[in-house]
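Should a chain be cited, it is by its letter among A, B, C, D and E, assigned in written order, with residues numbered from 1 in that chain.
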Amino acid sequence: MEAVSNFLASDLFYRFRKSPVAVIAFIVTALLVLSALFAPWIAPQNPFDPGSLNLMNGFSQPGVPNQFTGETFMLGTDDQGRDVFSTILYGLRISLFVGFSAVMFAMVLGSVLGLIAGYTGGRTDTIIMRIADIQLTFPAILVALLIFGIAKGITPPSYRNEVAIWVLILAIGLSDWVQFARVVRGATLVERNKEYVQAAKLIGRKPMAIMLKHILPNTLGPVLVIATISLALAIIAEATLSFLGVGAPPTQPSLGTLIRIGQGFLFSGEYWILLYPAVTLLALALSVNLLGDWLRDALNPKLK
Amino acid sequence: MLAYVIRRVLQSIFVLLMVGLVAFSMFRFVGDPVENLLGQERTQADIERVRDQLGLNDPFAVQYVKFLGNALQGNLGVSYRQGRPVSEIIAERAPATLELAGVSALFAVLFGVGLGVFTAIRRDGFMANFIMTTSLIGVSLPTFLIGILLIYIFAVELGWLPSFGRGETVKIGWWSTGFLTESGLKAIILPAITLGLYQMTLIMRLVRSEMLEVLRTDYIKFARARGLSTRAINFGHALKNTLVPVITVTGLQIGSIIAFAIITETVFQWPGVGLLFINAIQFVDIPVMAAYLMLISVMFVLINLIVDLLYFVIDPRLSADASTRGH
Amino acid sequence: MTTPLLSVRDLVIEFPTRHGPLTAVDGVSFDLAAGEVLGVVGESGAGKSLTGSAIIGLLDPPGHIASGEIYLKGERIDNLRAEDMRAIRGRRIGMVFQDPLTSLNPLYTIADQLIETIRTHLRLSEREARQRAIGLLDDVGIPAASRRIDDYPHQFSGGMRQRVVIALALAAEPELVIADEPTTALDVSVQAQIIDVLKEQCTQHGASVILITHDMGVIAETADRVAVMYSGRIAEIGPVREIIQNAKHPYTSGLMGSIPTLAQEEDRLVQIPGSMPRLSDIPPGCPFNPRCDKVFDKCRVQRPALIPVENRQVACWLYEEATTNEVAT
Amino acid sequence: MSKTSTPAETPLLQVSNLTRIFDVSKPWLNRVVEREPKQFLRAVDNVSFEIRKGETLALVGESGSGKSTVAKMLVGLLDPSEGTILFDGQPMIMNSSERMMELRKRFQMIFQSPYASLNPRWKVADIIAEPMIVLGVEKDSAKIEARVDDLLGLVGLSAADGSKFPHEFSGGQRQRIAIARALSSSPEFIVCDEPTSALDVSVQAQILNLMRDLQDQLGLTYLFISHDLSVVRHMANRIGVLYLGALVEIADSKELFKAPQHPYTRMLLDAVPDLEMTGRQRKEVEGEIPNPINPPSGCTFHPRCPFANDRCKREVPLWTQTRTGVAACHGVEEGRIPSAEMA
Amino acid sequence: ETLRWARAGDSLTLDPHSQNEGPTHALSQQIYEPLISPDMEAKPIPALATEWMVKEGNANVWVFKLREGVKFHGGEDFTAEDVVFSFNRAKMESSDMKELLVTIKEVRAVDDYTVEMETEGPNPILPNNLTNLFIMDKGWAEANDVTKPAEFDDGEETYAVRNANGTGAFMLESREPDTKTVLKANPDYWGKGQFPLEVTEIIYTPIQNAATRVAALLSGEVDLIQDVPVQDLDRVAGADGLKVGNAPQNRTIFFGINSGDADLENDNVEGKNPFADVRVRKAMNMAIDRDAIKQVVMRGQSAPTGVIMPPFVNGWTSELDAYPKADIEAAKALMMEAGYGDGFEVTMHCPNDRYINDEAICQAAVGMMGKIGITANLVAQTKANHFPLISGKKTDFYLLGWGVPTFDSEYVFNFLVHSTTDDRGSWNGSRFSNPEVDAMIQSLGSEVDLEKRNETIAKIWQVVQDEQIYLPIHNQVLNWGMKSNIDFPVQPEDQPHFKFMKFN
């Protein structure tokens, strides 16, 4: 309770209220996240249950009754007769889940490695940062493609669908940890020379305790900013990967997969299969990006 | 500085070996090349014969050592798909990718730095805020969609620019360039924008925030106190200091431009190494994939080296204690 | 009376915040005669730097002059257009900042920075400007100036850098130099050298100096007059010697007492209880009243203006009767 | 009174031949390519002194003279390259043994920056309680709470301040919190590394007064580090002067100011601006501190010393007993330095 | 006139015997010629051979009369020597065409313009196998050291990969693989007067991405594209100056189901194989709504079928081709009867870059299976990953397409119905194995009595249909988009022969 009222009184919240862009971005993000969370209750159809679909509903125009079945769909249907609106909600779920998990994974991995590298220094630092360099040599989509390749090779075919999402998360997360590691390492290098760390060393605190209790909380600001912007990136990365055929399975499409499917109908006039998922993705990525942007400025003490 | 270069080169070699190893071990999982090599009428005996010929029955370590040994002699093997030496194919395709990446990078850097400086100087202006917000649209849609939309608008609907390929090219030695013909120049516009848009946004935002940071430093304040003109301060003092961190990121970004060319090249049927790689994946053309990854790493390493050397040019402090960098 | 070189009248500097404007400098007025050295002391946050920045027109936004006037040789300069003010900066008013490490652009040689400054203000050729630059460096005591001028800032030690900064501030022979804590970042043994150079150079060029510092010792040795600031206001202003030896304002005397000295050995230092109020809750009346041991009712309600006492001015109700008549107007 | 010393007891701290060498060489490859040897920086060079129970020893010196390095070695934040430190007769070996944990309770440190020395994410009460908990001084949480309140009161803050965060306090108040933290494990010996140099004079006076009060109250022993001679004079019983890592003079506080022996000590005194307007004729201070990586030969002060001769350039001076204490100077030893009584 | 031609994939090599693959043959067809060539309706017509017949008195020998006065692009005369050389080359180990020629024991030149081919036994359909067997010039091949097709371990590019010297209507001008290939009309072509030969230059560019390919046609940058996505047909047909041509393709799309194994790896039924029960297979067949797939997924561009062969094939009948109407209720009842009333779960494998809308077909099928309680987990992946699963017998439920280049059912049986042995049944992912059927299939190879042979074929088909070994979906329809001034029929094998192209 106190925390809430503290937050409401804080400068951060004040600046938030004063920034219309941030407020709008926040509302859009919140709406999208909530509708993804409650998709099963909001969506008129479960598009992930193929048995419940009627193929004849395919390519229904938004708001116009289907010529064969007479059913009407607010945002139309796709080539499988899936309600585009429901599919967007469910796809949003997948995209957000992949995005969140990938960023969490990258964040934890990167922060831990960065913390260790920055605090221990010396050889450990060199090794970790060299690994980071190698990682950077492999641009994100290559990492993802390769991990996908490996996963395909080592998982039995029947589990592919189940692991596909986790592989995506791993692939995107792995290509993203370096920036967390770098930022945390940089912050750790600064913090570890601060006198409060020396005060803790003086009383015989173990390095682990110093890293976790003292240094880590002080590196969270920039980490949070990167995490936000990474979230948008991860969602886009998932979409890009699906273009290369390594995204979510077609029976459980993410927003990216929907766009990949929909782009095939750009010339044929079934604009809604592409347009609505694309607008949703744009709204999501844009508002998350704007939030991240705003947060970066707001948390930067030098930028007031 | 010499020591620095030597160290970088040693590190690069290590990186390349690692990349080679990683790449090589991963390819074993991408699929079975033999299936694609033989038509649908092949027999089991054919499969065995070809596996043998390709050395796919050797133990992994033997394959890797063979690969490395050959690679060191500049022999990257023969493409399964085209039956031609990979080095030759790469040499044939690299100019297209390099020209595309070059133009994209130029586009990204020119506009990125320009708009970044503009938005930093006019920090609270309407235009600046507008640019800042709209620029995010460029990074909020996947590249392939942007490419397809551009094709739809500029090739199909307006008919102004070609939708695919490089147009006419001219050979200069082994290098084929699209810069010397009108159709070549027209053809590069859409792919370059598609590819560079993301990097442009990134550079622009980075330049802006670095510039804002620099504009707040004491030496800028002191420069103002000396009565220097706004121009001299913004462009002479602030911009140059902004460039130091911007160069690193730009270097890294150019690397990923080359990697992301995979998607742009697929969308625009741009005959570069990215398209080659995608074809290679579909065909499990292992020698081509390996060569491509090595090429990307070499480029990355090279770009990073150049970036690091640029630092020495820009920042006089570094020549004094080069040793402390990179640690 | 001759017009003073610089005249600051009721300067108010504000920062807009979510809770309304914060007044960081509140009604500061003083005059500075040509060739005079005015010391400005006060605790951190008292508004010293803001006052200095306001004079040279370099307040960092969102800080701004809310009211008051600043005159340079009788000409009002606080409301000039940006371009006109730029022409004054460096040419007529020079500035030296605290940290020589960060005041110089690390990517340009000393020569670049000096020549750029000189040529911005004076019509000189590149060669003449360079000649002049070398001369300036010589003057501020940089050995082998003609050789070292092409070095980069990082090749100089802290003290040398601060000499370069002084040379830069004096490059166009300004009439007024504002030095904001020019020695704080330097070593004890170098501080004295820098103060000497600064003073000597300004005297030579006939420039007046505003020396901002919180080191009373530096002021004692350098300034002609001193202004003691507290909570954005001047508490007391007058000749250095008198203020140090016989401070009138309770804050000033407390301040003097709290400085440990080499000469006398006291068991305890004089201690002013509490600390300077934050800008957001400056008490009504005299801002010093909660910490003052001589406080009385009036201090808590009414703000004292500067009251001339002998040949100085004090903002304290203790001295009211002495000059009631003059103040009443 | 704190300033009356009792010389008979064994000193609380005995430091002998303490040396710290930093390896500041370039990386191996650079040295090979550029044909440079390894480079070492003797940040602290053969320093010996003692501190008696209840007294305050001050170390003064310019930036880079090794003051902080000495302090860090004393509290175990840095390992000495050579030399020994005896605390109450026991050697300080910084490991996590039981004995060392016991020893750790007995000394503490106050740092220079009141901003960096408190973890901004911790509440003040937690900051103060941390040493107690980690060192196992107190286990019962109610008692810890009570002691935190006591400590806050002791340094002039209120118990309610414990639930705030550091950024809600002014610099002086933060330094009080830092002092409270230092006191929480009830140490006997506190190393103070420029505890007031980041503070305003009026606040400095409060802190200095507080520290002296605490010393009287709790019988503390201080090693007080500062570059400000006036502050040192106010706080210390004895003063050691460091130059380029080496102690050049140790003397009783009063004596040192009255009759500085080493030319460097004199120079430092001369550099202090004169608030009293005594009209004392100051000598212009010569030059700046040399690069500690390549210190001058012989007596490292000789390039700036007005009394230097050939011997000073060649020979490293040894300790000489002076009228007021000890000093390392050929001139003092030879008696060719004119006496410089201060007023 | 110049023709700008695009399709999804490029030819892999110009060496005519290295790759037995559609796009590769499509390009080679313009430059090289076989003895007997398919025309635009895929009917064999004389090319380099003018006549062919079984040798009188020896059923094991075919005689070919060669066209006289034909010259290669390099100016060399075409003779029987070249035919012998080319056939021997195509029979080599490293040739990809050798399987089509396994039955040929010897090829010999009788005189300059007569060639005899001796087969193991009587081979009535040999000429059908020769339509993609191109003739090279012996002298040219020897001079350029390309007397055998490239090996994979050679490490070097052989000359024939990027150079060509044929007798065809077009000559190679320049080639950048995957990018652009330019052909010029052959001024000395023997067929002048017989064919329209209106195209003077062909610029061939592969464009992989479907949207880009269509965009290129819509924006007028190319004149003819193969592989028009079905959803874009209307747009292309409706665009000014463009039209769409179509033709049934020689390829059937169907699902394979593993009915042979005792237990399935990819299902959730313990200890037994639900697909082993023919009722389950029948139920699955009934659950598939082929009309809906045609209507929605294929946009009308497919011919639903009940048998896994296209209509061109010897053995095809309209009865076989007939397919049941989807009947979920009946299918469910069958499932119940088989003891799977509650359904089961199984993995379905599908390529996503091989056939027209392959992934979408699978998705639709997943939904249809769902309606009778079979939960199919769809794994859609590239062909490079998909096909090895089938030939490696690692998938139980999969999509496959099959074309019949020989236009004879035997080809289908050999690969898809015969049990898997060293030389047969390599694509039989159904694991169906019946010794009697195997024996019947083997007999087809040497049966000279065509009537008897056709009877056997019909019998085998009956088994295939009764046992419901496969679930046929449809025959693909080919669509080519082109400028409306082009007069050019769509060839059922997806092989354009530009010498037939006319402009108006």
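Rule of thumb we're sticking to: contacts are C-beta pairs under 8 Å (C-beta built on N, C-alpha and C of every residue); 3 or more make two chains touch, one makes a residue touch a chain.
Nothing here was measured: the structure is a model prediction, and the numbers come from that model.
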Chains contacting each of chain A and chain E, listed by label: B
Field: Chain pair with the higher count of C-beta pairs in contact (B-C, A-B)
entry: A-B
- request: Would you kindly tell me how far, in whole Å, the mean C-alpha position of chain D lies from that of chain A?
  value: 51
Whole-Å gap between the CA centroids of chain B and chain E: 39
Distance from the mean Cα position of chain D to that of chain B, given in whole angstrom: 55
Message: I need the residues of chain B touching at least two other chains; which ones are they?
response: 30, 148, 152, 156, 216, 266, 278, 281, 327
Statement: Where chain E touches two or more other chains simultaneously, the residues are 211, 215, 218, 353, 382, 385
Field: Numbers and ranges of chain D residues touching at least 2 other chains
entry: none
Query: Can you name the residues of chain A that touch chain E in the complex?
result: 49-53, 55-56, 58-59, 68, 79-81, 152, 156-158, 160-161, 245, 249-251, 263-270
Footprint of chain A on chain D - complex, ascending: 72, 75-77, 96, 100-101, 104, 108-109, 111-113, 116-121, 127, 130-131, 134-135, 178, 181, 185
Statement: chain B residues touching chain D in their complex are 2-4, 6-7, 322-323, 327
Message: Help me check something: in the complex, which residues belonging to chain E touch chain A?
response: 210-211, 214-215, 218, 229, 231-232, 234-235, 265-266, 289, 292-293, 295-297, 347, 349, 352-353, 359-360, 363-364, 366-371, 375-382, 385, 389, 394-395
Statement: Listed in rising order, the residues of chain A that touch chain B in the complex are 21, 125-126, 130, 133-134, 136-142, 145-146, 149-154, 232-233, 236, 239-240, 243-244, 256, 259-260, 263, 266-267, 278, 281-282, 284-286, 289-290, 293, 296, 302-303
